[in-house]
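In the two complexes that follow, chain A is the common piece, with chain B as its partner first and chain C second.
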Partner chain A sequence: MSQSYNRGLIEDFGRWKEFSAGMWAWIFHKFTGWVLIGYLFTHIAVLSSALAGPEAYTDTLQGLEALFVVRVLEVGLLAVAVFHMMNGIRLLMVDLGIGLDAQDKTFYLSLIVTGAIAVASVPTFMTDVGF
Partner chain B sequence: MSTQEQQPEPETEPETEPETQESPADPEMSGLASPQQRRLQRKAANLAERERQAAEDESNLEEDTVHLKVFRFDPEVEDKQEPRFDDFHVPFERGMTVLDALIYARDEYDSSLTFRHSCRQAICGSDAFFVNGSQHLGCKTQISELEQPVRVEPLPHQEVVKDLVVDMEHFYEQMHAVEPYMQQEDLPEGELEEMRQSRENREKIKMSTRCIWCAACMSSCNIAAGDNQYLGPAAINKAYRFAMDEREDEEIKEHRLRIIEQEHGVWRCQTQFSCTEVCPKDIPLTEHIQELKREAVKKNLKFW
Partner chain C sequence: MAERYSSFTPGGTAWLLQRVTAVFLIFALAFHFFLLHFVEHAWEIDFAGTQARMQDVGYFITMILFLITATFHGVNGVYNALLNQGLSGTPRKVVLALLVLASLALIGQGIWVAIEMRGGLIL
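Showing the complex of A and B:
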C-alpha cells in the first residue's frame, strides 16, 4: 500500500482573501468575545481600586481618562461590544432559523451599524483630549 | 397512394442534408405549403444560423486557452512524491467545464493525471475539487466563470491518494454513522398497501434528499477540519432527511436525534455557512443542522 499525502490545514489564515461572509462573522465574533473577556479583567482591576478608598478610585479613573490612548481604546471597546451584540442577534436569528438566506447581508449590516455607532461616539469619548 | 413510397421519412431524416430531398412527383405534395417542406426549410435556416454562430464563436475564441494549474502527487514514483503544481494550457471551448479541461489535459498531454469522474452531469458526486480556493464540482463549474489561471487541487482536509484523488473513507464512515436508511418496521396492513408521504412532508425534506455524497461540504467545514470525529454537514443532512421523514415512527426519530446530538454531532456546528456556500446541489445545510439542533433541544426539554 502506497503512502497517501496529508496536506494538513489548507484553509488557514493564509487564505483570508477567500473567506466568505459567514467565516468572517465567526472570526470577528470569536475575536470580539475574547476582547470582551479581557476587558472584564481590566474592568474589575480598575473598579477594585475602590477598595483602597474613594480617593484612590477617583484618582485612578481620572488618571486613566486623561490618557489619549485610553480614550481611543474606549472607542474600540464600544465598537467591539456593539459588533458582538449585533452579531449575537444575528446568530440568535440563525439559531431560530429566521432569514438564513440573508445571513451574509445581516453580517454586513452589523458591520455597518458597528462602524456608524463607533464613529458617532468619537465626539463623546474624545472630549478634552483633542476634540 | 404510390407517391408515399418515394417520400422520405421526415422525422427520422437528419436535418443536415435537406437539399438532397427528392421532391415528390405529385404536384400536390411538392408545393411550399406542405408542412414537411416548411419544416425542412425552417430546419435548414436554423442550421445555417447555428453554423454562423459557431463560426463567430470560433473566430472570437480562436487563440483562447485555459491555463490550468493542477496539483500533482504520486506516491509510487520517486520524483513525484514531492507535491507540485503542473501547468496545462487547454484550448477553450464554449461551455467548457473544469472537468472537461482536466479530461482534455489528461487525454492530450499527460495520461498519468489522475482524478475521479463518472457521470459528468453533477449526479455521481465523484469530481469535487478545490478550484481557485473553494470547493466546486468539476463537471458543474464553467471555466468561463473562473479567474485564470485556474488552480485545481484535491479536496482539503482529506488525505491525497494521487493527484486529485482523495481518500473518501472517513467521509463515508461519517455518512454511515447516522444510519442513512429507512428504519420503519410497522408497515401498512395489506400486501399492496403503500407507505404514503404527504406532499408537505416531501417538500420539507426535498432539498436534503439531493445530496450526492461529493464531500465538498465536509471539506469546506472549518470545524470538521479540526475535529475529525465531527459528523460533518453531509452526514447531519442525511440524518435530517430521515429524522424529518414522517413515515418513520417517533421512537426512530428519537433514536436518530440521539445520534446527532452527541458530542461530535450537531452542536459542533458554528454556523459559518461554508458548507451551504459550496454545496453544488444548493442544499441549505446550515438550515438543516440548525433545525436538528432545535429538534434535539425540544426532545430534551419537556416542560409539558
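Showing the complex of A and C:
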C-alpha cells in the first residue's frame, strides 16, 4: 500500500525555481493525469447521448465538432495525452532501472516530442471548422 | 541524476497494477487517438460508423478493456496522489468509497453505452 513520505522541496511550490527536471516531470505527470481522468468522465457523458438514439448521438458529436473551441481543446487533449504517455514510458524505464543517468534528458525529450506532435496535428484538428 | 519522484511506493500492489495498466493504455490510447482523429475524423463521426466499429467483436472488447483499465489507472492515480498529500483516517475511507462508487458508475455507464452502440451484446 502506498504511504505518504516527505519529499522535501516538492511540498513547497513557492520554491519552484529550485525544482529539478525530475520534480517538473512528476508535477506535469500529475497535472496531465488529473486532466485525463476528468476528460474520461466527460467523454462517457457525451457518448451517452447514444442512449437517446442514433440522431441524438450524431447531432451531439457533430454539434460539438462544429465549435472552434472544441477543436482547440482537442489539440490540448492530444498534447496532454502524448506527454502523459511519453513520460509514462520514461517512468516505466526508470522503474526498470534503464537510463537512470538520463532522466533529465528524457524529460526534455518528452516535452519536445509532445510539442512536435501537437503542432503537427493542428492542420488535421482544424479541418472544416469556422472561427 | 538518480532522483525518483512518484506518488506510489515501489513494490506495492497499487504500484504494480498502475504499471501493468499503463503498458496496456499506452497502446490502447495511441490506437484510439490515431483511429478516431487521423484515420477517421472526429467531425465526420456518426452513429452508423460508430455502430459498424462496435459490431467488430475485437474492437468492442478492446474498448471495454480500455474503459476498465483507464478508469482504474486514473482513479488509482488520483487516490495515491491524495494519500501522498497526507490523506488519512476517516477522510481517506470516505474518499476511497466515493472513488470506488464513481469508478463502478463510470464503467457501468460506459458498458451500457457500448452495448447500445453495438446494437446488443449478442448479435
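Miscellaneous remarks
The working rule: the second predicted complex is superposed on the first by the 118 of 131 C-alpha atoms of A that agree within 3 Å, B and C clash if a C-alpha of one lies under 4 Å from a C-alpha of the other, contacts with A are read in each partner's own complex, and residues count from 1 in each chain.
Just so it is clear, contacts are C-beta pairs under 8 Å (C-beta built on N, C-alpha and C of every residue); 3 or more make two chains touch, one makes a residue touch a chain.
What you see is a predicted model; the values in this text were computed from it and never measured.
Using the contact criterion defined above for the overlaid structures, shared-chain residue A:I37 touches chain C, although it does not reach chain B. Once the two complexes are laid over each other on the shared chain, residue contacts for A:I89 go to chain C alone; chain B is not touched. By the document's definition of touching, of the two partners only chain C reaches A:Q62; chain B does not. In the superposition on chain A, contact of A:G97 is made with chain B only, not with chain C. Measured by the number of chain A residues touched, the leading partner among chain B and chain C is C. Using the contact criterion defined above for the overlaid structures, shared-chain residue A:G22 touches chain B and also reaches chain C.
Under the contact criterion defined above, the residues of chain A that touch both chain B in one complex and chain C in the other are 2-5, 7, 10, 20-23, 25-26, 91, 94-95, 100-101, 103-104. Every residue of chain B that touches chain A in the complex is listed here, in rising order: 73, 75-76, 81, 83, 130, 133-134, 153-154, 156-157, 159-161, 167, 220, 222, 225, 270-274, 276-277, 284, 286-287, 290-291, 293-294. Chain contact summary for the complex, chain A toward chain C: residues 1-5, 7, 10, 20-23, 25-26, 30, 33-34, 36-37, 40-41, 44, 47-48, 50-51, 54-55, 57-58, 61-62, 65-66, 74, 78, 81, 85, 88-89, 91-92, 94-95, 100-101, 103-104, 121, 124-125, 127-129.
Against chain B, in their complex, chain A makes its touches with residues 2-7, 9-11, 15, 18, 20-23, 25-26, 91, 94-97, 100-101, 103-104. Residues 1-10, 12-15, 19, 22-23, 25-26, 29-30, 33, 37-38, 41-43, 45-48, 50-51, 67, 70-71, 74-75, 77-78, 80-81, 83-88, 102, 106, 109-110, 112-113, 116-117 of chain C are the ones that touch chain A when the two sit in their complex.
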